[in-house]
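Chain IDs A, B, C and D follow the sequence of writing; residue 1 opens each chain.
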Amino acid sequence: MTVLSVENLTVAIDDAKGAEVVRGISLEIAAGETVCLVGESGSGKSVTSLAAMGLLPKGSLKTTSGRILLDGEDLLTLRPNELRERRATRMSMIFQEPMTALNPVMKVGDQILEVLTAHTRMPSSEAEAKVTDILGQVGLPDIERMASSYPHQLSGGQRQRIMIAMALVLEPRLLIADEPTTALDVTTQKQILKLIKDLQTGHGTAVLFITHDMGVVAEIADRVYVMNQGALVEDGPVRDVMSNPTKDYTRKLLSSVPSLDPRAPRPPRSKKPTLVVSDLNKVYGGGGFLKRGAETHAVKDVSLELMSGRTLGVVGESGSGKSTLARCVMRMIDITSGGVKIGGQEIGQFGRRAMHPYRKRLQMVFQDPYRSLNPRLTVEQSIVEGPVNYGMPRKEARAKAAELLDLVGLPTNALGRYPHMFSGGQRQRIAVARALAMEPELLVADEAVSALDVSVQAQVLDLLDEIQDRTGIAILFITHDLRVAAQVCDEVAVMHRGRVVEMGTTRDVLGNPQHEYTQSLLAAAPGRDWDFANFRPVAA
Amino acid sequence: QTITAVMHSGLRVLDPVITTAHITRDNASMIFDTLVSLNSDFEVVPQMAEYEVSEDGLTYTFTLRDGLTWHDGGEVTPADCIASMKRWMERDGGGQMIADKMESLEATGDNSFELVLTEPFPYTLTAMAKVSGLALFMMPERIASTPSDQAIEELIGSGPFKFVQEEFQPGVRVVFEKFEDYVVTPEPADWFSGAKEVLVDRVEWVTMPDAQTAINALVNGEIDYMESVPVDLLPLLETVEGVETQVLNDLGSVTIGRMNFLHPPFDDPQIRRAAMMALNQEDVLTALIGNPEYYQVCGAIFGCGTPYEFTDGSETLTTGDGVEQATQLLEESDYDGTPIVLMQPTDVVTLTAQPIVAAQALRNVGFNVDMQPMDWQTLVTRRASQAAPSDGGWNIFFTNWVVPEVSNPLANVMLNGRGDEAWFGWPTDEEMNQMLADFGAAEDEETRKSLAEQMQAHVMENVNYVHLGQYFSPAAWRSDVLSGVETAPFPVFWGVSKDEG
Amino acid sequence: MADKLIRGAFPLSTGKLAARVGFAPTVSAIVLLLIVLGAIFAPYVAPHDPIMQDPTARLAAPSAEYPLGTDNYGRDLLSRVIYGARVSLIIGIGATLFAVVLGLTIGLVSGFFRLADAIVMRIMDGLMAIPSVLLAIAIVSLMGASIWTVMAAITIPEIPRVVRLVRSIVLSAREEPYVEAALSLGTSMPRILWRHLMPNTFAPLTVQATYVCASAILTEAILSFLGAGVSTETPTWGNIMAEARLYFQLKPSLILWPGLALSLCILSINLLGDAARDVLDPRMGKREA
Amino acid sequence: MPIFLVRRFLAAIPVLLTVAVFVFLLLRLTPGDPAAIIAGDMATPEQLERIRATLGLDQPIIVQFGTWIVDILRGDFGTSLISRQPVLNLVTDRMWPTIWIGLITIALSVIIAVPMGVLAAWKQGSWIDHLVMTFSVLGFSVPVFVTGYLLITLFALDLQLFPVQGYTPPSQDFGSFAARVVLPSFTLASIYIALIARMTRASLLNVLGEDYVRTARAKGLTERRVLFRHALRNAAVPVMTVIGTGFALLISGVVVTESVFNIPGLGRLTVDSIFARDYPVIQALILLTAGIYVLVNLLIDISYSFLDPRIRY
């Protein structure tokens, strides 16, 4: 039985030009079915779902044609009041960001209760009982305390459960989940996915699940729709699409998904290690006049070694201290104890001035391609800044910048342009070029590809690989994505609560994890048993 | 019954011997009484005491009237009066002159005392009866024995009103209650003399920083009396029923300019004369007052309508045709174009116009004027500075006096020519000093008049100060409830009754 | 999501500048321009010398000679209003410049150097805690009233507000990855301040500056009202009004015209400020989903 | 929380000390001799010297400052140079009118401005929005005294609804008190309303773009509930901040309003004292207003943690 049926939906920007963002989409979801909507960033997934909920931002987007039928009733013809009545009772939505989707100044219990008071005439005792019941169903422990907590007192996973409870408390026929797990770490993600699945089977809800993570699709979908640039590319039962994609776009998308199969370690270029970290500790907080903040021991007794020409991956869940480690190595922050050696020189205790000559030997590529380039400087200005700081004549630096742009695969006319004129992937390349302009011995990449689409991600990873081949640079590669780590790292160190719990060649660690934590990480990686690039299940 | 009156400024300083501020004097005259008083013919008449002057003019005997009591119940004794006089003599100019010639001041009985001088000083009684500046008010001995440079703490007098200390808010509100035991003199009330009969229970003085607000309050019947209404605003009250406006202080005030005799260019009498000739009263008064009914072009430095009204030498001021002469005088002088520092107070409404008009007039004849705006207190501080104008001194400023303060040569501080001891501007003028001494010693009015006339001519010649004319501020009151409001050089509330219609 | 980031990070880049600048700001700009031109060319525009007194025409009604009538000194009101724009604008713009330049410098330095921060901010808190008008009266009445003291008096209390604004921006911009990147490129501190942090403050400062400018012109009026303003020899809108307040009921035009000029000017400045905010900071503009 | 309070109170000390030093220096290093004021027109230089000595003005400035601070710590704010009254009495006497007017103004402003701002934000771009914004910009553009005069002419003189001026303590006659505070409060509120309405609008617009507002809508809540229960409280912190910093504006406005409406409050006392060079009073008053400002902002800081549970000190 069809719950939601979208027919020929077109959404356009609400201005004079009226550029179309979503073009003629049709899709259908039956009761009890999970349908995944995939596609790269900006392809129109969210817009489609918002249109269904009638939540398109007023004044910027509008539906121009098509029908959205919920149980046969056209939502687009309903008056605002009627549409509001349908929300939460007949259709619900969960958003991507569990951190911001809940009202920070209201207790979460009340936020769920509010759904009931808005749509039913339930007596309050009954409503409260129902809240307790749904909180139990989403598997939250210590329900009393949870209900009277504010969102900031809960973890990301817990918040996302609250969102799910809120969406399902009135047992709607349709649940739309827009990237509900992207912001969570893999272990939590796994739990949430399972929860949705369970609830769905229990209530017979139709689920429209939006994601760009093919692993998740492989895990949960019954059917899948693939979108690209506002249009539907392909759809069908999930196995069919994954094993036998008919469209080029789908093939490209699938083959960009990195494989979990670890790469073979490459031989080091020299005997001497580029980077040696020994017994490094970093404690945040404490101190301060009249203010004694809580201390966080973010990095505990970490020791690492990295040879030139090799890549060392650091993996681990959020908050495990990966970025802190990177910043200690970069000497962006003072280290609490331990040593950091670059090319044999101990720099752990250097002050700002002493550090200056060593800065050029270490460079970093940051996670966020949108914020790591100063929006007010041209690409050229950004790239020449470092060399000029170290005394290179401006003219020479410019020539070098042009060369580097060529190296990272951007046209030289990009030099005079500003960062906002580039896509995320291009910007990340510019960031790489900027780092390389210093001719560093060590490149630290902190989640350098996490913000990028799979297809773009693949390009940047290829670039790094190529540069490493050419220059023999050592790379400290920080990621939470095991698939990426498996593809680019010779060795990996697994971090958990500030400690390195397991370290070795990628093949050993990922292929045959010894530590319990590593094992759980691997077990949680979605789509583990599908080899996307080759359109087939992983050979056992 | 309570009369609510808006006075010209807020009362802050209570001690009438410490400051010359008019509001302090006004306040004191409600609370304190005087030994002798001035009537509207400028005659000295007995008030608290009858007096006798001996033939040789050396002994003054005062006999207190019966039954005088202080507000705290005590009896008024000669000792109280002697202490009050002594304290006053330390501060007041006229008092100091008496003190210089004083042989003794002693009680001669339960209700009489005697002032004995070493040489005759006919001005004595006039000085004691004066109504302006530091007037001679009687206080109980314990209060009057406060050192004269320290303010008294208590206001206990024997006057018609009691001061209500608890309700006093400095600068905002003063409350008086009728003093039931006040002994009313038999003579009818006339200025400050005679029967000060209180016909209401309370008088409240409130201060309103904004004249506009005060007028609106009067129109709305929220207040009963307004001491001085800006002349320009009179039309607002003209059409209001039940409000009467009239000049009560019919002697009025004078406005003057004073130059600094210590520093160039005004150390040169010729340049001072040039400056004076550049000015003309009509322009100043029009800007200051506007309506000609409320000002009087008057060349007499002792004021028009006073016994010493002489106008010698004041033609350029009154006719305004001295500009050419002034220009020529200045050209012939050694004036080198140094800017003259003209101090302009910005926060006193009655003093803002003079500098502005004067500046234009002085520029007209070739002076280079550096007009420096400042608030009145800065001006007061700065005018005491004898430094060169370029080092924080000054060249010229303007101020106002009520006529009684200038009408008597001995009371007129601007005539004093004793250099550093003189009033700000510090002229050294032996000739004038001599005339003043002669005036004080003169036995008969004829001599005094001729001396006053010489002084007038001398001031015009030497430009001790520039007399810029006389003006009158009208008072306004609710004539529908108040009756008995009479003219006097400062506001009096005795004899006024309120009919709570 | 990606789109939101772009728009947040590149406020100046949106092509909506033209669309956002609507009718009101355009009119404001024109009004302001007229006022400024009037002030600059006052000697050519004004029919009379603004300080020339005509005792025979005191408080005159509007006539061909005196288009808006005269004040209580017989000075031409129209000329005074035109010349008044000069001082009012000089004070407004001067106070703004001083406040912005000083505030920017102090704010940048104290935002970046923790050591200076504690001390500077205490002092700024102290300055901020003193009510501006009181401070201004105190300064003016103590130092004497001239355009410069009035300007200084108005500027001083505004500085801490600018400092706070700049500092808060620096504190957040300091955490931007591109600042870290610059650090790792070996860029020196002063250069980071100058090149990477300062530009971030421009947009909010523009808005703040319009506010400072408007409030400086208003404060000048209040100071004149309280008798602590510039001498009436030099007309300013504030002292024209303050002098005329006695005639509020009798001859309201005396207060009306300078008041109108003042309000129009401040209104325009405020509207331009709002427009600047809408253009410079898209988050304040159109609502986003 | 108590620790936070203690810390905040301690942090106020250097602020007030800065104010103290600043005010003291400002008063002492600039011209204006209180002795000349006390002595009056006829004073001789010797008399002046004597008065200066009794006032302690002949001492080195450091000594004067030290004496002053020590006295204040003992609760002694000195004696007015002019009226010879203890400063503390003067101030407590004049405090209540100002406090009442201030409180009423704030209450009035919040009651009027917040709904205005909400309406404007909700109807963003509509004529209501434009109207509200025009009104608030106007509130900024008209000098307080002009507003005051206009209100008097209109409501007191023409319509005869309220008295023109004056102040009655509420304990004495509440009716008269109420009638007399209306116009001054509205006069003062005109700036404040403008400020708060603008901030409410801006802050609410920000919040309306937040994810949780979308969530609230997705829950099918009515617009009203979305606005008032979800958006407004989240928008409250910047609004509170503006109420706090706007307090300085209020104090400035009070000075003028008290003159126009003849209210015997602190504002007038301050202006009078400055013009009279009544040093002990000026010092005490500026310190007091600074203290009140700091206190108000402290209270507002504390209110943050009630408005937003994420803010914990």
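Heads up, the rule we're going with is that a contact is a pair of C-beta atoms (placed from the backbone, for glycine too) under 8 Å apart; a residue touches a chain by one contact, two chains touch by 3 or more.
It should be emphasised that the depicted structure is a prediction, and the values quoted were computed from it without experimental measurement.
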By number of contacting C-beta pairs, the most connected chains are C-D
Starting from the mean Cα coordinates of chain B and chain D, work out the distance between those two points in Å. 40
How many angstrom lie between the CA centroids of chain A and chain B, rounded to a whole number? 87
Could you give the separation in Å between the centres of chain A and chain D, each centre being the mean of its C-alpha atoms? 49
Which integer distance in Å separates the CA centroid of chain B from that of chain C? 46
Residues of chain D touching 2+ other chains? 31-32, 149, 214, 259, 275
Note the residues in chain B that touch 2 or more other chains, in rising order. 210, 212, 347, 375, 377-378
Taking each residue of chain A in turn, which ones touch at least two of the other chains? 55, 59
Going by the touch rule stated at the top, which chains touch which? A-C, A-D, B-C, B-D, C-D
In the complex, the residues of chain C that touch chain A are 1-3, 5-6, 9-10, 13, 118, 176-178, 180-188, 195-196, 199, 286-289
Can you check the complex and tell me which residues of chain C touch chain B? 51-53, 55, 58-59, 72-74, 141-142, 144-146, 226-233, 243, 245-250
Please name which positions on chain A make contact with chain D in the complex. 53, 55, 59, 84-89, 92-93, 95, 97, 100-106, 114-115, 118-119, 150, 152, 163, 166, 290-291
Help me check something: in the complex, which residues belonging to chain A touch chain C? 41-42, 46, 50, 55-61, 96, 289, 330, 332, 356, 359-360, 362-364, 366-368, 370-377, 385-386, 389-390, 418-420, 424, 431, 434, 438
Counting only contacts in the complex, chain D reaches chain A at residues 7, 10-11, 125, 210-212, 214-222, 225, 229-230, 233-234, 307-310
